[in-house]
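Chains: A, B and C, in written order; residue numbering restarts at 1 for each.
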Amino acid sequence: MNLISEPAALERAAPRLMRAEPLLRMTDISKRYGDVRALRGVDAVVYPGEVMGIVGESGSGKSTLLRMMNLEDTPDSGDYTLRLPGRENENLFDLTRYERRMLCARHIGIVYQNPHLGLLMKHSSSGNVAERLLIAGERSFEILRSKAREALDASEFPLDRMDARPIELSGGMQQRVQLAKAIALEPALLLLDEPTTGLDVSVQALVLDTLKRLQRDRRITMVLVSHDLGVIRTMADRVMVMRHGEVVEQGLADQVFQDPQHPYTQQLVHAKL
Amino acid sequence: MSLATLTKDWAATSYGFLDASAKRELRRKMLKAIAVPGCQMPYASREVPMARGWGTGGLQVTLTLVNPNSVVKVIDQGADDGVNAASIRRFISRVSGASETWDTLEATIVQSRHRVPEEIMRENQVLVLQVPNPEPLRGVEPNISIARQMHADADYGKLWLTLYEQIVRKGRIMQGAAYPSMVNGRHVMTPSPIPRWDVPKLNMSKHLTILSAGREKRLYAVPPYTRVEPLVFSDRPYLVEDHAALTCRRSGVSGFFMNELPQDGGGSVFEVSDSNLGIKAIDCADGAPDAIGDTWYRNGEFSA
Amino acid sequence: MTTTPLLRVQGLTKTFRMYHLDSMLHAFEGVSFELHEGEFLLLRGHNGAGKSTLLRTIWRSYLPVGGHVFYRSQHGEIDLANAADVDIALLRREEIGFVTQFLNARPRVAAQDIVAEPLLLAGHSQTEALDQARHWLDQFGVRPELWRAYPSTFSGGEQQKVNLARALILPQRLLLLDEPTASLDVGARAALVRRLADLKAQGVAIIGVFHHPGDVSDLIDREINLNTRVVADHSREDEHVAV
């Protein structure tokens, strides 16, 4: 059978009904590390309130892309805009280190798989949350305290332990501290890099549930990177499938999982099921 | 014209001990430090006949500033008569011909270890503070290169965080001496290990303050009339040491920073830390015309 | 009818390409029909005829390979067959509902909260949403002591009731039903039929696949038989045989 002659799925049109402008737009992002082409012409668009899932195996470039969204790394080429007041048409990769840091502190929250990357392990949990607010210029101890408490509570962290050091906490609790820190300033964009990988399955379910709740209550725009299709399926509205630094397929989450179009996605989905 | 007319005769040391190029470097770095208040400037830190850590940074600054008309006062924890202070003062006058004094009002240069005198300093005076550790971020960022970036970005979140942690853990800010302070609203500096009592004296002061760390090879400055604001939370006021009600057992003055002398019985007696202030007070009581100048604190309250 | 149809399906074709088997699976080809507001369309056909596949293709869980699904949304007409993903997501939030037999239960979310969620997302107040949620849980026969419990522990029948309450709480303009009566008891089935009749009367257009179409026979306006490869529109009077 000649597959090539068979009809492929219809090409999707540009959005017509969606009136909101995308919050995040990345255009033609390419990055090379030595001989390795980590990203090749990646485009990404995320609308306000959406959860965008990025799946792919290790080395597919998904975490590199997320790090770029957090302005931790810059590509060799490509543009990145976030629809923030006063910054609508600015390529964020052109910002200075200082501007980048302030923008990230105020508008982007991130939860890393490894809590050591996101937390000061020997400071109190509440202090880890308060640091964000301090960077943004909050100088009242009582307000720092109450806002830290609020964010930890929203992350369903037990408040009687709010001054415990993350190093004394379980993995699930550490992720909640990271999450509280990430949402303390009500970011426009929440980035999640394998947030539940390495946690016990039951703990993972609880953390995902917290994320779901937050998403529902606050309509935070999220980009979630995971190699775990189950996590993506639970969380994401739309999915990008990455392989060898390229986006091989994207679509609505249920469509990508039920009717994958690309051979690699089919392999991925079948391997999971 | 011969070479002899263009050069000086050989001498064992240059004027003011340091050679001309060393002093030129220090002058340049001091000007730079004044231009960017609170920003640390690296310098070469030459050898002086004193061990690193004993005030070599302050000494190099003083040796650069000094001239035969200078009047030099050197204090160690407020005292003019400590061995270290006396030795440094004599060394300075010996290599420069400057005159020596114990009186803050007479001095043109006050080199100090860990205190700011109690009498208000004037526009034509320079305070040189000896600094053991010039980096306020050392406790939160051991990597000097990153700490410099943090200063450049005014990234002081972690420093604030340590203060937050102290209140959370101990109920109050535990930082005693060397209280981190924002200079001119831009750079955070450590004001050398002066007590909290002394930090307000640097704020909008008339005199120039130069802080220099010989071992760490950095100096920084607070120019006259420059804001120096201790890092405090808006709802946790800055507190100085609780010395306002203490009285000096020798001079009888009260309302100044005191040295505590523990007694065998378990109690303590106190002596005024600025020893020349105590001497002036005793002389006044004896009828001498030795007037005490205006002080930053009056009746234990900061008033300048 | 003289009004413009809500949905115009033209030549809709779906094939699955399975790379690991190196083969194609033809689901349906050239399906065409129209659907007006307040109409109830029954999809018929033997097992594997592509009834569910057609529903999912309109819902866009499946991507069609040909044809059009013109849908007259409140924001203007759009072809669901090739609409952008975000547009589909928007319509799913606001206008098009899909009811399956499976509940997507989440850990630690109470039955009443699951049911109330679509109302909350649509901007209703917390109290109003919860009141409505309890009303519909009650209608479908979920006992009040279960309202605050987590449905992940419920039996299949109870889960399905929660699922229906959630799916039908917010009136949509187009409702796709994929065997919603499977595993329902008699009481819940009756409640479902009542609710569907209400929705239909309010102008909701419904396309359904039913294992026992007799349950909803009074609601059916027309039906389509997917057994033949090319499907044309049949009117109810000619073709429908009550089961």
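Rule of thumb we're sticking to: contacts are C-beta pairs under 8 Å (C-beta built on N, C-alpha and C of every residue); 3 or more make two chains touch, one makes a residue touch a chain.
Quantities reported herein were computed from a predicted structural model and do not represent experimental measurements.
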So which chain ends up closest to the centre of the protein, judged by Cα positions averaged per chain?
A
Taking each chain's centre as the mean of its CA atoms, which one is farthest from the centre of subunit B?
C
Averaged over CA atoms, how far is the centre of subunit A from the centre of subunit B? Could you give it in whole Å?
49
Averaging only over C-alpha atoms, locate the centres of subunit B and subunit C and give their separation in whole Å.
79
Could you put a whole-Å number on the gap between the CA centroids of subunit A and subunit C?
32
Complex interface listing, subunit B residues touching subunit A
149, 152-155, 157-158, 160-161, 164-165, 167-169, 233-236
Under the touch definition given earlier, write down the residues of subunit A that touch subunit C in their complex.
1, 3, 6-19, 47, 50, 205-206, 209, 212, 216, 234, 237-238, 250-252, 254-255, 258-259, 261, 263, 266-267, 270
Touch list for subunit C against partner subunit A, complex
13, 15-20, 22-24, 56, 60-66, 73, 75-76, 78-79, 81-91, 106-109, 117, 120-121
Subunit A residues within the subunit B interface of the complex:
97-98, 101, 120, 123-124, 126-127, 130-132, 134-135, 139-142, 144, 163
